[in-house]
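First chain written, first letter: the chains are A, B, C, D and E, and each begins at residue 1.
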Amino acid sequence: MATRKEQGAMAPMTMIQALRSAMDIMLGRDDDLVIFGQDVGYFGGVFRCTEGLQAKHGRHRVFDTPISEGGIVGAAVGMCAYGLRPVVEIQFADYFYPATDQIVSEAARLRYRTAGEFIAPLTIRMPCGGGIYGGQTHSQSPEALFIHVSGLRTVMPSNPYDAKGLLIASIENDDPVIFLEPKRLYNGPFDGHHDQPVVPWSKHPLGKVPTGYYTVPLESASVFRPGSDLTVLTYGTMVYVSEVAARESGVDAEIIDLRSLWPLDIDTILASVKKTGRCVILHEATLTGGFGGELTALVQEHCFYHLEAPIERIAGWDTPYPHAHEWAYFPSPARVARAFRKVMDE
Amino acid sequence: AGGAVAARPEGGRPLASPAVRRRAWELGIDLQAVRGSGPAGRITHADLDACLSRET
Amino acid sequence: AGELRKPPLDTSFHDIQDMAFSLIRVLDDDGNAVGPWADPAIDPELLRRGLRAMIKTRIYDARMQIAQRQKKISFYMLSLGEEAIGTGQVLALEKGDMCFPSYRQQNLLIAQDVPLVDMMCQLFSNDRDRLKGRQLPVMYSMREYGFFSISGNLATQFVQAVGWAMASAIKGDTKIASAWIGDGATAAADFQTALTFAHVYQAPVILNVINNQWAISSFQGIAGGESTTFAARGVGSGIASLRVDGNDFLAVHAVSKWAAERARSNLGPTLIEWVSYRAGPHSTSDDPSKYRPSDDWARFPLGDPIERLKRHLINIGAWSDEEHQATQKKLEAEVIAAQKEAESYGTLATGQTSSVSTMFEDVYKDMPWHLRRQRQQLGV
Amino acid sequence: MATRKEQGAMAPMTMIQALRSAMDIMLGRDDDLVIFGQDVGYFGGVFRCTEGLQAKHGRHRVFDTPISEGGIVGAAVGMCAYGLRPVVEIQFADYFYPATDQIVSEAARLRYRTAGEFIAPLTIRMPCGGGIYGGQTHSQSPEALFIHVSGLRTVMPSNPYDAKGLLIASIENDDPVIFLEPKRLYNGPFDGHHDQPVVPWSKHPLGKVPTGYYTVPLESASVFRPGSDLTVLTYGTMVYVSEVAARESGVDAEIIDLRSLWPLDIDTILASVKKTGRCVILHEATLTGGFGGELTALVQEHCFYHLEAPIERIAGWDTPYPHAHEWAYFPSPARVARAFRKVMDE
Amino acid sequence: AGELRKPPLDTSFHDIQDMAFSLIRVLDDDGNAVGPWADPAIDPELLRRGLRAMIKTRIYDARMQIAQRQKKISFYMLSLGEEAIGTGQVLALEKGDMCFPSYRQQNLLIAQDVPLVDMMCQLFSNDRDRLKGRQLPVMYSMREYGFFSISGNLATQFVQAVGWAMASAIKGDTKIASAWIGDGATAAADFQTALTFAHVYQAPVILNVINNQWAISSFQGIAGGESTTFAARGVGSGIASLRVDGNDFLAVHAVSKWAAERARSNLGPTLIEWVSYRAGPHSTSDDPSKYRPSDDWARFPLGDPIERLKRHLINIGAWSDEEHQATQKKLEAEVIAAQKEAESYGTLATGQTSSVSTMFEDVYKDMPWHLRRQRQQLGV
């Protein structure tokens, strides 16, 4: 994907720094790249992901926008029609709703309805997920709503290395990409033990990131933890929650970090479930109608006769994200460990 | 049969995981004829094993 | 006609606020061009070209409406009564500019002499439809003619046009965008969003609102046009805005030229409300007799754009009744010939569509496994 | 639910007439009911569902709106806060996207975030589904997007009797209800054989509808066709497609018309699958991330050990709704019959 | 101050277009009330009440900000510098009217003497929080005080207010709605949608735009306020619109009264741009030193609303420095006492929240099977 030379030296980065580095590099490589969104220009984003980029690349390449998510995506689609490649930020995933029409009816459909005459190679970045006491409107994980829309790609990294590599791959990809950033992972690999000190990325192997250009291909999952007892299909923050649950439950879980949620890497999934015969699906988004349903359907369709136990879904409860009860809502290591044991006991 | 084994309800279909079903099919075992020792009379891999050792 | 001033290109929206509540007209009731917006140097050939395009559009519309009744196409939308607007503007634009149309701007294409067969193949959803039968009839997309893909969801194109114009400015290009919307759709969110973005970034774009008095069954008042104007919406957003007789080809061309020059000189966006009348049904699915008098168009004070331009051309000695009739005949023959050819490639009724397997293409650039699998399942 | 006397005589009705009758009756029974949307007032709606209601009940009760779906739902939420009970129409389900924020962040969340201090008992009617050569933007079935949103109810009738009873129940219900109307069923029970003459509702037993007040309870599915070979979970137009597929395949399918998609009648579903041991899920909406995934997950979770074959999903392909290829896209009787046989052969 | 006319209640938006580009002020630089908007008959007790409410708001804000730093609450938003606006307006409204606030209108509650303990329990997310810990701090909902639930998603409340007002009109009621939004959020779709609906249905609503110069890090120009005003947006939609010094309590009260009377007399909506300054950070998550000079507020020409009203009251002999100090002390004590009581019911840090099982309630009116099942799974 990239030569050793392009990749450059390794450096410790948080996920924020890794994302910034991806955008910085791509601004340098592609004159048609523009970056915009609320507070992303002068200020550098409320999560600081674009800090310094305007100063370095100029106000025509990196700029602030009015508070209109529909306008941000709509203008980006128009820029795509011109030939630019916009990377836009929705300040919180909870605020993408005003852009739904432009995302679903426009960005996702443009290539199809014009038989390729116009395309929409934009990347829409959105911090998602809870665990920061953000309440109902700073905590949502809306990936399922995008996955149901044909024409979109949905991606969610779980660590700085993937974040940078996947963001570069998303930017280079000619399809519209919804790039969801689990904000609870911005500064460290959070495993759900909210009462324990935060581990920074600098202490984690995946916090070492090439300073130059490289990609992590879309539609490729990673086997985050090999195991033989059961397969865990998950992504984002829940990767670390399932890792600690495996440790604490003693269940030898094979944890698959999907990374690209849709289109996804079906082969890695099926190979693992066929090996283990058991499957747990884990996401922070609300259960009903969530991506877990689709994953369950795919696994039972393709691995039916390998299954020794019902596929178990662990997810956020079917309520809005409750501010004070965040830790009862967030799928905890204990809840996940219980699910592992249940699936093993069947 | 042992008293611990729950009987399948009259006329009910055999209960088994898909993996057990596949193995039974591969072994040529008719699940209808197997007593299940699992919860609610569910047929387990052990039941298939028992069935096999009875046959051989 | 002729009363209203022609402001300097670098006018501030502030200085022309009153013009959002008046009506720029060039053609007077006798068909003469008067006032500061009249261009004495205008080439009569341009006007003749405009007239021919309008006549052709009307013929095209009429025949396609019949084709729909004959079930050769599934759906159609006429531009009857509004032919001057797109025609006048597109003749004021340059190659490389990009229009973001709604579904009633076929004249943007016809005035550029797009091969009618190409357009019709889209309507017939046949094998030669460049859009592979994927879009409802009239939802053309023709990049090389500066015609952006039409969307069924109203108003989305308006802010996209602004984005395109921002892109042009970002790249230091001099191409401009032209956005199109109806009176009814101005109530949609993306209309106002477009105004906000156009104002904030001073995007090189012409923001066209066609006030043809009607949405589907609802009068423009329901869109907020009762006691104010649609041009006023532009003013409210800090955009230089004009209200123009849309059935007056000369006014359309002159104002479009002014706005295009402003945009091209980086003097910012212009919003133009074109006052016109939707003389036909909303679409072939609509029955306007259910909600308005049938003779409404006949009583519309701004008249018929074709009649008005014809009269003017005759006045200046650049047209005649005979030429009109001959042109009408010739264009009819042209449209009929095109239709015949297009139909030979198939119609909805004959089912000669693009291959079914194309249905799975272009969802993504490269077809992912799940679509390959679905294509297999369909067995195509 | 309603006395004999309230129900009144039976009369033949199309689905349009049944829906109109429901609104007419509720306008009469509840002074706080208001009905509005694009073209619904004077004209009576592009599908004529509200024809005559403004003339009868007045311009303050039934009226036209600007073309702003966000405004329609937003104003309705405000009216709910005042104490009214709005029934609004989105002209086509494909056009709900501009209202997403008001539906998801407002209507669906209001009761929860105020602990019941404010509620949003509005009903949002939307014609959905294809089969009318409506192309990409007059054919969509977006139910999955609503089902993932906690706080919403999603309902889809398949016949005039249910349409009226469910609409009255939805209006009376104090939660926000997304009421999806399969427009291909407005005038008759379309079974997918598009090359055959249309059967009108007047020829169908479910086209006989009480002229007065009655309800069909939410969260209750109906066993549309009893059978013993396999269970079909479906709704809307696909009820008739699966019926004809059962006939043509010779498979004795038990067809469950879900009617209330979410929250749903889980007991009827599970009882049937436990009885048949096989399950086919059928919807017109695109497959990936569709409601079929959730249904699959529920069935495999609760009926795992009863399943004799993988659960089979039949759905719209994962593409936008293609105008010319409508009948290759629409799940056909033949495709469904093939799925029935496949599931039986496993 | 004092130059601008006071139009008749039944003014058309057209006749006051100029007022969208000027600034209504009542208090002059010396703290005297001048001009047609000054009400000579105003009860000084009302002004004293307003001053006390503003002081109390400022104290409340300061203490809650500290509580946030102490991690007793997770998040807080001050209204520093903007206290006059909500205070002045709510004192011009009547019982039964409904405000649809944004997150920076705590003064609407405090000016009505809502028990502070109630408000604080929401901030502390404790067991007595009426919202059961479900909402982020400051997202109050208090129906009996005419205070609609605050939403995290910007601008949604603006069109809801119009809907509420339409409902009031439909029912022949005389209650009116009051909608609140910031300069930044005017770019959101629901702002313009609200204007369109308010205009089309002539809804009895006051449409308040607080132009406090900043969104988060972006200046009002990014929202489209650079070369025009936010009041002009109302004009563009055919709504009578005024631009007012929001740091002038007397102007706020007078203009609010005028707009409320208009609405209550069914004379239609009024949009008011209140010019003010967000003196504090956007929220406790924000650091304004990153994007603006730290002495910006000190240089803001419209001053501090508390100082200005204080000076006026002293001028008319209805206040004194001593009374000010005593009031400050008394109110501080009151806030401290309330905080003490509220904290005794728990804070975020102590974890005395509502019972976890309430998490599954109120998603629907009656709990469906799937939520009952999830509650069981959680074991609560």
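Rule of thumb we're sticking to: a contact is a pair of C-beta atoms (placed from the backbone, for glycine too) under 8 Å apart; a residue touches a chain by one contact, two chains touch by 3 or more.
Not measured: the values here are computed from a predicted model.
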item: Subunit E and subunit B - chains in contact with each; value: A, D
item: Mutual neighbours - chains that touch subunit A and subunit D alike; value: B, C, E
item: Centre-to-centre distance between subunit E and subunit D (centres being mean Cα positions), rounded to whole Å; value: 41
item: Distance between the centres, which are taken as Cα means, of subunit E and subunit A, whole angstrom; value: 37
item: Centre distance in Å when subunit C and subunit E are each reduced to the mean of their C-alpha atoms; value: 44
item: Residues of subunit C touching at least two other chains; value: 132, 134-135, 139, 151-153, 187, 189-190, 193, 196, 200, 222-224, 363, 370
item: Multi-chain contact residues (two or more partners), subunit B; value: 17-18, 21
item: Residue list for subunit D, restricted to those that touch at least two other chains; value: 65-66, 68, 70-71, 94, 97-98, 101, 105, 109, 112-113, 136-137, 150-151, 288, 304, 307, 310, 318-320
item: Interchain contacts, given as pairs of chains that touch; value: A-B, A-C, A-D, A-E, B-D, C-D, C-E, D-E
item: Residues of subunit E touching subunit D in the complex; value: 98, 100, 130-132, 134-135, 139, 141-143, 148-149, 151-153, 156, 159-168, 170-171, 177, 189-190, 193-194, 196-197, 200, 361-365, 368-370
item: Residues on subunit A engaged by subunit B in the complex (per definition of touch); value: 277, 304-309, 346
item: Parts of subunit D lying in touch with subunit C, wherever the complex brings them together; value: 38-39, 41-44, 46, 64-68, 70-71, 94-95, 97-98, 133-138, 287-288, 317-320, 322-325, 328-329
item: Partner subunit C, residues of subunit A touching it in the complex; value: 34, 60-61, 65-66, 68, 70-71, 74-79, 81-84, 98, 101-102, 105-106, 109-119, 150-151, 153, 173-175, 219, 263, 266
item: Residues on subunit C engaged by subunit E in the complex (per definition of touch); value: 12-14, 17, 21, 187, 189-190, 192-193, 196, 199-200, 221-224, 226-228, 232-238
